[in-house]
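A short write-up of the structure that comes next.
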Amino acid sequence: MNPIDRLTEIFSHFPGIGPRQAKRFVYYLLSRDQSTLDILTENIDHLKQDIAQCNECKRFYPSTSSGQVPRKICPTCADESRDHSLLMIVPRDADFEAIEKSGSYKGYYFILGGSLPILEKEPAKRIRISDLQNLINKKKDAVKEIILAMNANAEGENTSDFLRSHIKDLYQGGPSIQVSELGRGLSTGSELECADPETLKNALLHRTR
Amino acid sequence: MNPIDRLTEIFSHFPGIGPRQAKRFVYYLLSRDQSTLDILTENIDHLKQDIAQCNECKRFYPSTSSGQVPRKICPTCADESRDHSLLMIVPRDADFEAIEKSGSYKGYYFILGGSLPILEKEPAKRIRISDLQNLINKKKDAVKEIILAMNANAEGENTSDFLRSHIKDLYQGGPSIQVSELGRGLSTGSELECADPETLKNALLHRTR
Amino acid sequence: MNPIDRLTEIFSHFPGIGPRQAKRFVYYLLSRDQSTLDILTENIDHLKQDIAQCNECKRFYPSTSSGQVPRKICPTCADESRDHSLLMIVPRDADFEAIEKSGSYKGYYFILGGSLPILEKEPAKRIRISDLQNLINKKKDAVKEIILAMNANAEGENTSDFLRSHIKDLYQGGPSIQVSELGRGLSTGSELECADPETLKNALLHRTR
Amino acid sequence: MNPIDRLTEIFSHFPGIGPRQAKRFVYYLLSRDQSTLDILTENIDHLKQDIAQCNECKRFYPSTSSGQVPRKICPTCADESRDHSLLMIVPRDADFEAIEKSGSYKGYYFILGGSLPILEKEPAKRIRISDLQNLINKKKDAVKEIILAMNANAEGENTSDFLRSHIKDLYQGGPSIQVSELGRGLSTGSELECADPETLKNALLHRTR
C-alpha cells in the first residue's frame, strides 16, 4: 500500500470518518508546511505522557509536570470539597465534561468507558467493570447514592440494568445504597406532538411548580 | 389563472407544502377517477358539520348526530369521572392527542390554538385568550392546578410566561391556584454529550430512584 | 371511522404525505372558514371538467370553454409551427413542463404516465403503451426521431430499453426511425470528485468547445 | 492550553471537522495503545518524504525510493504512451483520481490546487497560475486542446472563465489552441422534473443516438 492509502486507512478508523474524508485529510496534510505536520505529530507523541488517566474515575486529564504526586488522581477526584455521598457513572469523558459544564452536580464521577449493546456477551471488554468495583469498594462507606447517568436510549437502558444488578451484588450484606437514574422529560427543543409516551409520562410526573 | 394553477395555489397554503408538491397533488387528483375526487370533496364538505368545536376545551371532535345535546361539549370535557382539580393548557389538537395517547393524564384540557412568538404584539389574534379566561372563570372553584404544557422551545417558554402572568391576574383576590409546567429532562433518544445544561440540570434534579 | 380519521386517510394517499402530516391537513382545514373550504372543494369539483386530457400527447391541460373543438387536442399538439420530425416521450406532466420551461425543444410530446420498475410484469398497467402505439402509427410519416427523455436512474433506463424494443417492433418493415436518449453529463451543481464514471465518460465525450 | 485542547484545536482545522468531533478524535487516540499512535505519527512524519509533488502536473504521488530520477515526475506525466495533444486542468488531486478511475481519458493533467470564488482579488494565492503557465509554455507545441474540467457550479464556471482568458493571453501570436469544458447533461440519478433549464438544454443538445 502506498503512503497516501496507508494514512487514509488509519484516518478512516477515526470516529465518524469514512474513506473519502480520510483521503481528504491526507491531501490536507500534504498541502501544509512540514512544520505544521511536525506540530501535529509532536502533540500526538506527547499526548499520552502529558495526559494521565485518573486512577479513581478513569478519565483522561492533563497531568502536572511536577511529578511529586504519589498516585495519579485527577483534580476532580482530588477535590475534597465535593459531595462524598454522591457517585455518578457516565459512559465517556465527553459526558463528564457536559455534566461539569452544566454546573449542576457536585459529587464524584466514574467514567465507564462505553456502554453495553443489548445481548453483549463480554461486558468486561466493553466497560470498566473491575475498575468500577474497586472504586465502589473503596468509597463504600461515604457514598449514599450512585447515579447511573446513561444515554436515554436502548443501549443506555441496557447498561443501567446491568450496572444496577452488579451494584446490588456488591452491596450484598453491606451498607444500604440508593441507585438512581437521570430524570426523563422534555429536553430543550422537544415538541409535545412528537414526544413519545414515556417522555410525556415523565414530563407530567416531574412537572415544575 | 388556469384551474391547475388555482388548485396548486390553494394546496401550497397547506402546512409544510411548497409549490412543487402542491402541483404534484393536482396531477395526482387528475389521475384519479371522478368518484375518488367526489369522496374527497364530500368529506371536506361535511367536515365542519361532522366535526364540532368543543365549547369548553375548544378542540375539534366528531359530533354525534343525535343533536339533543343543548351545548356542544366534547366527550373528554363531558366525562365527569376525570380529575376536576387539574386543567392542562396545550397549544394544539395534536398535542391533546399525544397526551391522551400517553395515558398518563386524567384531568381536563384547554386547546390554546397556537403559541406566542417572542415580541408578538397582538397575542389575542394568535391564541384563544378570552376563551381561556371564560373557562377558567367557570372552573375556578374546582381547579387546583393549571398545567402549562407548551413545547420546550423559546416560543413555548414565551407562551408559558404570558399565560402565567395572565392567570395570576385572573386569580387576583380569588382562590389560590398552582401553575405548573411540564418537567424537563432527557427525552427518549437523547445523548448526554449533546444535552444542553438546562436539560442536564433538570435530569439531575428529577432523577428517579 | 370518524370524519377526521376518514379525511386523514384520504390525504395520506397524496404523494409524499404520511399520516401525521395528513392529520395536520385536516386540522388546518378545520381552522379555516367554511368559505375557504368551499373554494377548495369547488376547485376540486371542477378540476376534471376544466382540465381536459389531450387525445394525442395525453397530458392534462386547461380546456377552453368554447367547446367547438371536435376532438380534444392540447395547444402544444395543435401548434402546427412546431417541428413535426421530433417526438419526445416523457414520464409525467411535470417533466413536460420542465422541458417546455427550458425553451430548448420545439418538437411534439407524449406523456407516458409513469415509468417501468425493473421486472415489472404488467407494463401496460403502468404506462400508456397502446396510446403511444396509436400516436406513433398516426405520426409515422412525419416523425424522424423519437427522443426517450427518461429520468437518469435504473427505472428510467429500464423504461428506455422497453420503449426502444417496442418502437423497433412498430417500425418493422416501415420507414426508418432514429431513437435517441437525453445526453448524460455533469448536471448543474455536480462536483467532479463525486461524479460516477458513467457521468464523467459522457461529460468528456460531450465536451463543449 | 492543555494537550487535549491543543490537539483538538489542530484537528478542528481538518477539512469538515468541527470542535466536537475534533475532541472525539483526541479521546479516540487516548484510548488507543501507544503503538497505534506511533504508527500514525510515523506515517505523518514520512508523508512528505514518501510522497512527492510532480513537477509537471503538481499532483501528489508516492515517490519511488530508488532516487535515480533526475526530476520529480509522476508516473502519469512520465507515461509517453498517453495522448500528447490533450491537457486537462482539474481543481484537486481527488478530481484527478475520479477521472482516472472512469478510464475515459488518456491525455495529460494539471492539478490547479483549487478554484476561484467569484470576486476573488488574489487568484494567484488560490490556484497555481504560474505553474500552469510554465507547463503550458513547455507543452505548447504538442497540446492541441486544453480541457477545463471544473465543478459544475458558480465557482467552477468562474474559474473556467478566468482560465480561458488567461490561456488566450498565453497563446497570443502563438500556435492555435482549442479550449473546451466538460459536457453538461443529466448526471446519473437526476430526475427530469428537478433538472434546471441549462442541464436540460445540454441534455437535449448532446442526446445519444
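Note that the chains take the letters A, B, C and D in the order they are written out, and that residue 1 is the start of every chain.
Throughout what follows, a residue touches a chain if its C-beta (ideal position, glycine included) is under 8 Å from a C-beta of that chain, and two chains touch if they have at least 3 such contacts.
None of these values were measured; they are calculated from a predicted model.
Engineer: Since subunit C and subunit D are copies that touch, is their contact same (over half of the numbers shared) or different (under half)?
Structural biologist: Over half shared, hence same.
Engineer: Let me check something: if the centre of a chain is the mean of its CA atoms, which chain is farthest from subunit D?
Structural biologist: With centres defined by C-alpha atoms, farthest from subunit D sits B.
Engineer: Quick check: superposing subunit A onto subunit B on C-alpha atoms, how many degrees is the rotation, to the nearest 5?
Structural biologist: 180
Engineer: If you average the Cα atoms of subunit A and of subunit D to get two centres, how far apart are those centres in Å?
Structural biologist: It comes to 41 Å between the two C-alpha centres.
Engineer: Centre to centre, by mean C-alpha position, how many angstrom separate subunit B and subunit D?
Structural biologist: Centres of subunit B and subunit D (C-alpha means) sit 55 Å apart.
Engineer: Could you list the positions in subunit B whose residues touch two or more of the other chains?
Structural biologist: 92, 94
Engineer: Which subunit A residues qualify as touching subunit D in the complex?
Structural biologist: 2-4, 6-7, 10, 14-16, 21, 23-31, 34, 37, 39-41, 43-48, 50-51, 53, 60, 62, 92-94, 113
Engineer: Residues of subunit A touching subunit B in their complex?
Structural biologist: The touching residues are 90-92, 94-95, 97-99, 101-105, 147, 149-153, 178-209.
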